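Encoded as structure tokens, the structure appears first; notes follow it.
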Amino acid sequence: MEVLHHVKDLGLAPAGLQRILWADRHMPVLRSIRQRFEKERPLAGERIAACLHVTTETANLARTLAAGGAELRLCASNPLSTQDDVAAALVSEFGIPVFAIKGEDTDTYYAHVRSCLEMGPTLTMDDGADLVSSLIFLGLGRLDQLNPQVRALAEELGAEGRRRLAEGVKGSTEETTTGVIRLRAMERDQVLQFPVIAVNDADTKHLFDNRYGTGQSTIDGVLRATNILLAGKTVVVVGYGWCGRGVAMRAHGHGAHVVVTEVDPVRALEAVMDGYSVMPMAEAARKGDLFVSVTGDKHVIAIEHLLAMQDGAIVCNSGHFDVEIDVEGLRRETSDRWDVRPFVEAYRFPDGRVIYLLAEGRLVNLSAAEGHPAAVMDMSFANQALAAEFMREHGEELEAAVHGVPPEIDRAIARLKLETMGVAIDQLTPEQEVYLASWEEGT
Amino acid sequence: MEVLHHVKDLGLAPAGLQRILWADRHMPVLRSIRQRFEKERPLAGERIAACLHVTTETANLARTLAAGGAELRLCASNPLSTQDDVAAALVSEFGIPVFAIKGEDTDTYYAHVRSCLEMGPTLTMDDGADLVSSLIFLGLGRLDQLNPQVRALAEELGAEGRRRLAEGVKGSTEETTTGVIRLRAMERDQVLQFPVIAVNDADTKHLFDNRYGTGQSTIDGVLRATNILLAGKTVVVVGYGWCGRGVAMRAHGHGAHVVVTEVDPVRALEAVMDGYSVMPMAEAARKGDLFVSVTGDKHVIAIEHLLAMQDGAIVCNSGHFDVEIDVEGLRRETSDRWDVRPFVEAYRFPDGRVIYLLAEGRLVNLSAAEGHPAAVMDMSFANQALAAEFMREHGEELEAAVHGVPPEIDRAIARLKLETMGVAIDQLTPEQEVYLASWEEGT
Amino acid sequence: MEVLHHVKDLGLAPAGLQRILWADRHMPVLRSIRQRFEKERPLAGERIAACLHVTTETANLARTLAAGGAELRLCASNPLSTQDDVAAALVSEFGIPVFAIKGEDTDTYYAHVRSCLEMGPTLTMDDGADLVSSLIFLGLGRLDQLNPQVRALAEELGAEGRRRLAEGVKGSTEETTTGVIRLRAMERDQVLQFPVIAVNDADTKHLFDNRYGTGQSTIDGVLRATNILLAGKTVVVVGYGWCGRGVAMRAHGHGAHVVVTEVDPVRALEAVMDGYSVMPMAEAARKGDLFVSVTGDKHVIAIEHLLAMQDGAIVCNSGHFDVEIDVEGLRRETSDRWDVRPFVEAYRFPDGRVIYLLAEGRLVNLSAAEGHPAAVMDMSFANQALAAEFMREHGEELEAAVHGVPPEIDRAIARLKLETMGVAIDQLTPEQEVYLASWEEGT
Amino acid sequence: MEVLHHVKDLGLAPAGLQRILWADRHMPVLRSIRQRFEKERPLAGERIAACLHVTTETANLARTLAAGGAELRLCASNPLSTQDDVAAALVSEFGIPVFAIKGEDTDTYYAHVRSCLEMGPTLTMDDGADLVSSLIFLGLGRLDQLNPQVRALAEELGAEGRRRLAEGVKGSTEETTTGVIRLRAMERDQVLQFPVIAVNDADTKHLFDNRYGTGQSTIDGVLRATNILLAGKTVVVVGYGWCGRGVAMRAHGHGAHVVVTEVDPVRALEAVMDGYSVMPMAEAARKGDLFVSVTGDKHVIAIEHLLAMQDGAIVCNSGHFDVEIDVEGLRRETSDRWDVRPFVEAYRFPDGRVIYLLAEGRLVNLSAAEGHPAAVMDMSFANQALAAEFMREHGEELEAAVHGVPPEIDRAIARLKLETMGVAIDQLTPEQEVYLASWEEGT
């Protein structure tokens, strides 16, 4: 049977397969879930539409969901993050429908989203909430808010078809901080029609993936794109959430002088005490050699900051959407633009100063490097797989709201991960449990 | 008018005064609150019983509460943590009743608690929940659970007096993780008779005081006690909560090889990813040169661990109570014991191996050094002062449960602290606030 | 005039040019030398044969030497380190003869060396001492020691031609620790026929390039090849010289547990005090997840170590020659071999365990990544350019021995580098100079 | 027999003895030498005058020299660094003549030097070259350069006695960078009359003691004196030699923002690449919260710097002599001065700003804390003991110049230290030794 797909070149499949197996080697927790799923088939009968970065790690999640019995379609959650050999291998080697091409334009991006929605999913998986928001606009009949590609589907379906599509979804899962922020806004605006599990908020996700994953992969993306020496450079990290901490930690680990900008006073104080310099962006703009935004917010590197930077400054983003840097403003204010190296574009201001923008302002870790290493995605995607299983079992009991990953799933993943790393830990003795539960014993 | 007190030597007051003023210099947030309190007198009419470590920082909190119009009595929250010159200065220079002598025995400790309770407090402040637990035993009539010193008071008061005493308390505040654990156990057992604010749980408290404060002061205590070189040593940190992170960070910052032991798998994984070795205590016991417990739990360094240690191992505790190391077991199993240096006691096992115990297993940072630096206590005690003010205003509206510090207090303290450090940060633009609140904008 | 060359594809020149200019942007010290050389032409009349890694940074050195008036030929100093686009651009855009193709076999490698020797150089530049050793074998008539390609030249030249070739060399410069070790052995064996300047030993070279350059680029090479997560991994660094310190520092900066192996007790002690674990290789072999050799010595990762490693261990080398890992032994003892990703080759032992070898055991930083960043090569190659100028002026006054870079050159480069980074420093006051020169003033 | 001495209080001996034994526990290398010395008595017949910091570690060196058969006298090398209990114990428990009282004035200091010289030493040991410079002034008859106390001895001895005294010295050893700088100046001025071994320059001394020892103990001294929080503070380290690196490393390890000032461009570049901020002192003066000088030079914290500092700045020195801070200038320019805490003195400028000076500008690590930990002094003093033995055997063969510690001693100490730490390392295989010695093998 032919597998539906839209990928760059199926001939890339063998290389993709090798890389998927390499990632699998570093994803023992997900692998053990896949092995159980193969036996138990807990997702049999489910149709899962997944909008995720199409990487080797995602491929292993897709294999796991398929092993669990789900029918699956996968599209990209970012136009630049697809690994074309992986997309090809998923189709050719694993028979999974994939709709994703690195460098696709916005219309193709949404044509791929449409291909996923067409399956009439019972469960969806998001990385940035694009599927869920499309479903909501569909369900609300706000067709003008939809990209034309998805709008066409909406029109084909008609009001009744749209209703059925939206109602068919038992629940969804969300991978990112950015997506969770959007979802909470939907919850507050009372437009959520089904429960969503915020996979991002699991401890075994955000404490690891956002921090150690984003930290390493962002630096990796910057080095692959630029090959600059970080030691002695001033690196401005915009935002000191979990991702920002990771980036700051790794930039510091390379000998850089790290400057942090923040809007939250508690985080700003932590950054100071962690030994970083903290200042407003207007001041940091004049000092930085390299800027990395990781906030989930818009125009945190605004045009006035870009205008204030030193000649030669390098600017990139590792937040989910490409809104963090005002790229449009940069285009408007510069007189000249050219390619320097892959993923490095030079912009010249009329006064002669040149600013280098990496990966067009899209996530530099997924565009110029390969995204988070498999070993952290192992936990993130173990959460995804188990959250899907949980949603299948309990989705109908849950309110149409944003829910956390059940703590027992979170802790089980941590325990499993430690085991696969060969790390043993202690257990409370019965005496200690009693002590912690009592209040009578004092000084 | 004579000030009630029981301190070591009032002649120490001048030195204490100088040290209090030195700490004050590093507590600008608390100072600004004190200046406002002097004008507004928001605590006028309150009787506050405070059971806290009697240090220079606490002295400045006491000055602040007094400036706010409160009548105040202060006793020690640990027999070894009192700074006798500070106690003297509080009495002589500031007219505040203090009951605390460094090295006091358990009976004297509770005689001092009694002196505080006798005032019939309307508000109490705890560091370990000793006042609250005493009040609860009193209120419940469980006199057998009380130390004889407090029991004597209970008997003098009679049932009616005890009821009035307990009912007179509008609320309490608690400084430590350990105390909060006890208080939640009280809440669960439904014995709490008044609301308690968990000052410990404020971000501006535990993220700073527990981490940077405990981290630095614990290492400081170890070095003052032992003068050992940390570089190249194996330091076992028992517990990877906020305090444990601080101790691990600072030990690592001194060039030590840090081993972490944990019971929580997520924390254990974080420790691994932070670059530390993680293993069960039974294994760590054989490897460590220095052991520091910071768990809030009992016998985490148990006798079987002590028995497994290398000759020359140094063992100390920086958790609130002196239960973390099984000191009694150590005494039982060793044949010989002698003093090596102040706060360093040698214990010889029958096989000849010697283990060194610091500060009798009591908090090494407060016993052998001076506790947390003023700059972190500035925030912790700003929370205490503002929590007292809040309790005065809102105590009667609150349930008899454990409450957090109101977030607006927390953030205001962070902002004020940054200002006093000369650090400016960014503010969200209106456009950014809209962006964060919306969910419509996607890829 | 056609430029002699043997490169992969001249069509790659435009991309190479952009990358060379990008590197130039980060090499301000070398650029200022080039600007002076253009005016002064200090190397006019010299024929320089250079055997260096053909990277964007080397391209800027080549431009500088050419600007100084030298006639220049460039061949690769390692079969895997050539950047084909750079080689093309040097030929097409700058008219410099280049003989280098990434992935060339040993015969092609030496055919390229031959092409350089054929010019009859007056000065040579080495990165590993291959040119100098070839010249010495030629001069000594030890033709059997020469690779057939170079031997053919030797035979064509005849005894007289060989003598003239060797005598025509005024002097040489050497870039690496490995090369300097070889040269000192030549000096000891009294076979050196001309002076050599050990550029490697300049402070502004080895303290920076070997440490910060090798450190960052080795990790970069490992990540590009493998995309593994370093946090929590055990990384074994074989050798704690300047390169090893760099690698250890950066691996640690990524959250890895670093194990160091050494033969020198002082360095081993430093590694311990720097917070790393130190153990013999036989023990480290069983613990490591990733191994990096940086010793300049042979078989430091020997077959018995490879046999002892865990399933999945990753092994690579960042030392100059591909002798540090016993690759031949690995081939002999394994039953199966396949490609996993570019620069990652899997070897399976008969017992099923798989070891991954990166870049065939050649320098991983130059093979899988782009070598040292321009900002450090800036200083290394400023030393090369100024050493060439010095050799031209003073070569004939120097003994046929290994010489250091004159300290005034070294310090001038450091000053210039600081200036270009916008960093100002202090100067001794006259009073301080007197104080330092006097001995009379005591306690 | 009564032991000659001038110490504070012999009653302190028991406490001193315990502390000496505690240090001995952490000095296994020196202990093994002492055990050999006891058997071999290699210093029998020597009279050793030692001018060293009278600490627990020095006590164990003194015991070792005495065990070797030497007749010994010990005086302090700094007026503030004596540990009075140790001085007492050396006299009472070990029968070693000591002349040292903490806080002694300059005349007493030199009276103690005189007491050492009076013994007619055959070997001297210096920490700052005060004994050697006194002997040189004596030998040269430059009596006006001598402190009156020593001058009186010189006059008593007469020309002939002075000649005999100077000629009686076979050689000397020197512990510090500062002393070695002075000695090289003496060598250059051709006034050295006997050979001196620069113990400081041994790898097992300066790489460890100066870096890890000074680093830890300086921070320790600052914390004991001030109890300030280092996290988030700006710490200015004046000088980036081995001591400065140690202080910077440990300040950074406490979460401080480290600023380095330097006069040497190579060191300044290293500091930049190590991630520190580098700037001239004039600029750093305005930014620092804490200043530490470690240069061996005069007035590196000059009065213009002190005048530029922020209100509340804390200033200290960890270099050998108290000349690094212009304390006299500070006294002259301030209107008011008072004691804040032990070792903390406040100085108020007429404009109201207050600067805090620690330990009167003398080495803060020895004044406010206990100097280097025993574990590093173990190696430094092993070098001293073995250098004394070497000087006894070979002193007469050596020129009157500054000599290094023989490398075999240096390496033997490193090996012994590793062994006592339970750390094993590798050995070159015969094949590797051949490889390293050969130059024939190339690419």
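To keep things simple, chains are lettered A, B, C and D as they appear, and every chain counts its residues starting from 1.
Quick note on the criterion: contacts are C-beta pairs under 8 Å (C-beta built on N, C-alpha and C of every residue); 3 or more make two chains touch, one makes a residue touch a chain.
Being a predicted model, the structure only gives us computed values, none of them experimental.
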Moving only between chains that touch, what is the shortest number of steps from chain B to chain D?
1
Sort the other chains by how far their Cα centres are from that of chain C and give me the top one.
B
The larger set of C-beta contacts, choosing between C-D and A-D, lies at C-D
Can you give the whole-Å distance between the Cα centres of chain A and chain D?
55
Roughly how many whole angstrom separate the Cα centroids of chain C and chain D?
40
For chain B, residues that touch 2 or more chains besides their own:
212, 231-232, 252, 255, 269, 272-273, 421
Quick one: which bits of chain C touch chain A in the complex? Just the residue numbers, please.
18-19, 21-23, 25-26, 56, 212-213, 215-216, 220, 223-224, 226-232, 249-250, 252-255, 312, 339-341, 344, 369-370, 372-376, 421
Chain B residues touching chain C in their complex are 231-232, 252, 255-257, 269, 272-277
Chain C partner contacts - residues on chain D that touch it in the complex
77-79, 106, 109, 128-130, 133-134, 145, 181-183, 185-186, 189, 191, 203-204, 207-208, 211-212, 261-266, 268-270, 272-273, 278-281, 283, 296-300, 321, 323, 410-411, 414-415, 417-418, 421, 423-429, 431-432, 435-443
